């Protein structure tokens, strides 16, 4: 599913990623941990093609992301669900409009799309706010909308960056249960988090980054 | 220090704050908890004058915030340190430039300002990134810069909204210790958080909001 | 579902960003008005110099003793000249009448004379193509050779002046017109570009969830095209208003009675040009801006 | 520290947002060029009609039998008229010479005559203030009453035409000038407003940490003023270039030799006006925009 070969990303002062190599198979659930600034977000960005590594190669679903032409990237991203730390929502559009967008882009029929959106909004507990603009929502609510949008098109791969940072304990448990259900349905998950409870509860393979290096890779398959 | 009298804030669907009354004395440390969407952020915004309540009165340092003229608000805010959930940093300015800004606004001498900025950046563990633009920092790093900026001018009142949401356990402990030190120096703190560890560690009075109501107020002084 | 979605999206954008859109429309309209004022001034002045050029005449004086036959022969020959677009024969009697009318002062002179000393003549209106000094000289030389012609008169000065004024005017039109055209394009493109800059994040978010360039760009381009077309239409209305105002003003003055073709005109092509320019600029600028904003990989 | 900080901040903003700033400068420059082209056309045409108006003359014909004394008395009286700016006495002999020059054709007539039938005259150049039909009529009436004056001649048609053309032209200048001025203000204000919209968040953040309105606004206003001034300067350069181009072109044509005042002019006031307009518009628009953006309470 995902293979990184000696991937490095340097900035003027420091290396955000330094010779990172690992492989994630289809259907795995991998938790990415590490202190602040370890390179977790950079690693995810490199995988979905928002950053190009300085050295190394990345294969995602057998496509070389670093070499992918700009026009191919949208099609790659449609197979992924992405949750970022800074909620990337269109603030002037409603909750429904935001969540339905990936389906519109893929040309899903309107009735089918509506059903799926209502399902995921219910799963994250936000179905009662469908017609509110996301710009006025609370941080936790926005975070849940992002999760809903990432899973609405049943992605093959889910990349989530600290998806429970603004959620209380009870909601965190709910979201983790949701992710586990999605994983059980066959979605490969790569989840970056600081929350020790989430790490324990997800009970998957853990990759621990520190200053751009992989220092722990529990349960690596190779 | 802060007094709320029957404060309510309604939106078309729901009440973000519903008849909230409490009083925070000078030197107190109050933790605000509650599920996602309970109204914590709204409560803080009402206190620093970014939202005007629909009903009720708020006194902050004996000034009626709801009735304060627009021109007086900047001077009120200079006595406060504010950390918001969506990091409000100038992305094109460096870490140093961002943190020094409250001091520049208050006309603090350059040498004195430099010393204070270096101190707070060291306290949050970000002094080695002074000349990096904040726009490229990791989420946890940005969060720490926000905290540094909020405390750099030794505010009388510190309002912090989920200041550890993007920090790992070790850093969270450090930040909480920092806040406790600031509190010990006499700063009144109002801290909204989901993190149970933070609540335990801060060991202050806890106000629990639920759907805009105060449901628990442990250790209320009146 | 998607084409409809993109169109609806454009409409929503127009509504949501109505501040920016209004600014864009107003800027487009005003810029096109500036350009339009110039184009109309040019067309109307050109119209006017055309009328003036029609006034230039060459007078061929005929031998006072020439027979009727000779005179009609001269006229026949003159008709074959490509430079001559219209001929008017002025008899001796007509010449005397006109002289008395034109110079009442000097006509006292004629009273003391016996007979009519003035010659008959043929007045030739010239085609504008032959208005330069050289071809005119050659033409006059040729005509002078005809039997029965005593000499040929034309105002060298007036023709030189008009030739110069017209060429000066054309040069000015080209220089100023070019500058104004470049300004128009730049201003409209810049306005649309600026109004898209405020939506940079929107574009980034759409990229994140796998929208293709076309999917992102089409609503913006529709938006820009509508904006440009409305701006063009508005400028059309303003310019029409100005021209109508002058037409009324001048008709009321009564001065141009019967000379309707000297009233300011507003050619249909200009209307078309304005709206099309607005639309094309709106469309082109948004295409450039949106793809410019998308170039950054993220 | 703070005034310096605000100035440095403005400089940084100019650098960081150089894309927007460049767009603003170019738009300002081009808009002012459009306006400047119009102002210069107006000034130069006005200059030209002034020259033409100077050509209008009233001819006072004197009694052929009048004595030298009477003639000089008439001239003395005419000199007291405020409408008359210059007098030229044309004697009978001069009149004959000029007639022969002007009308070589008709001068044959004079050959058969005994003596000089042409009267002496005084040619009066008129002050432009008295060029309208009514005051001219009154003036002519007054002059006619003088002893030794037989009659007064002036070209009614030509004066009517010129009066109409000048008033038409002034009207056009006012209408078009107003529209262009409004356009200029709108376009420049809008461009600056749009370029500030992209920094809405910046303003919100500064408000959050207790910056006063002045602290936030001053760098933007400095920025806008510099932008406007540079735009104005740029437009000045372009317009100077155009005028110089025409001066050279026309000087080379040799046509205006000795009539230097008919060459296109570029008054100093226009330079000043352009740069000042740019600066004021830049300053004013940023003040309005930035306080508009700050009005929202947050």
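By letter and in written order, the chains are A, B, C and D; residue numbering begins at 1 in each of them.
Basically, contacts are C-beta pairs under 8 Å (C-beta built on N, C-alpha and C of every residue); 3 or more make two chains touch, one makes a residue touch a chain.
Model, not experiment: these values are computed from the prediction.
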item	value
Far-end chain from chain D, centres as C-alpha averages	A
Between chain C and chain B, distance of the C-alpha-averaged centres to the nearest whole Å	67
Inter-chain centre distance, chain A versus chain B - centres from mean C-alpha coordinates, in Å	29
Chain centre separation (chain A, chain C; CA means) in Å	62
Of all residues in chain D, the ones touching two or more other chains	none
Junction residues of chain A - those touching two or more other chains	none
Chain contact topology (line, ring, star, complete or other)	ring
Complete list of chain pairs which touch one another	A-B, A-C, B-D, C-D
Chain D contact footprint on chain C (complex, rising order)	19-20, 23, 26-27, 30-31, 33-35, 37-38, 61, 99, 105-106, 108-110, 112-113, 117-118, 153, 160, 164, 168, 171-172, 175-176, 179-180, 182-183, 186-187, 190-191, 193-195, 197-198, 200, 238, 242, 245-246, 249-250, 253, 255
Residue ranges of chain B touching chain A (in the complex, touch as defined)	11, 13, 33-37, 40-41, 85-86, 129, 132, 136-141, 144, 161-162, 165-171, 194, 196
Touching residues (chain side chain D, partner chain B) in the complex	1-2, 5, 16, 202, 204-213, 215, 297-298
In the complex, chain A residues that touch chain C	49-50, 52, 70-71, 73-78, 80, 82, 84, 88-90, 92, 101-102, 104-107, 109-110, 149
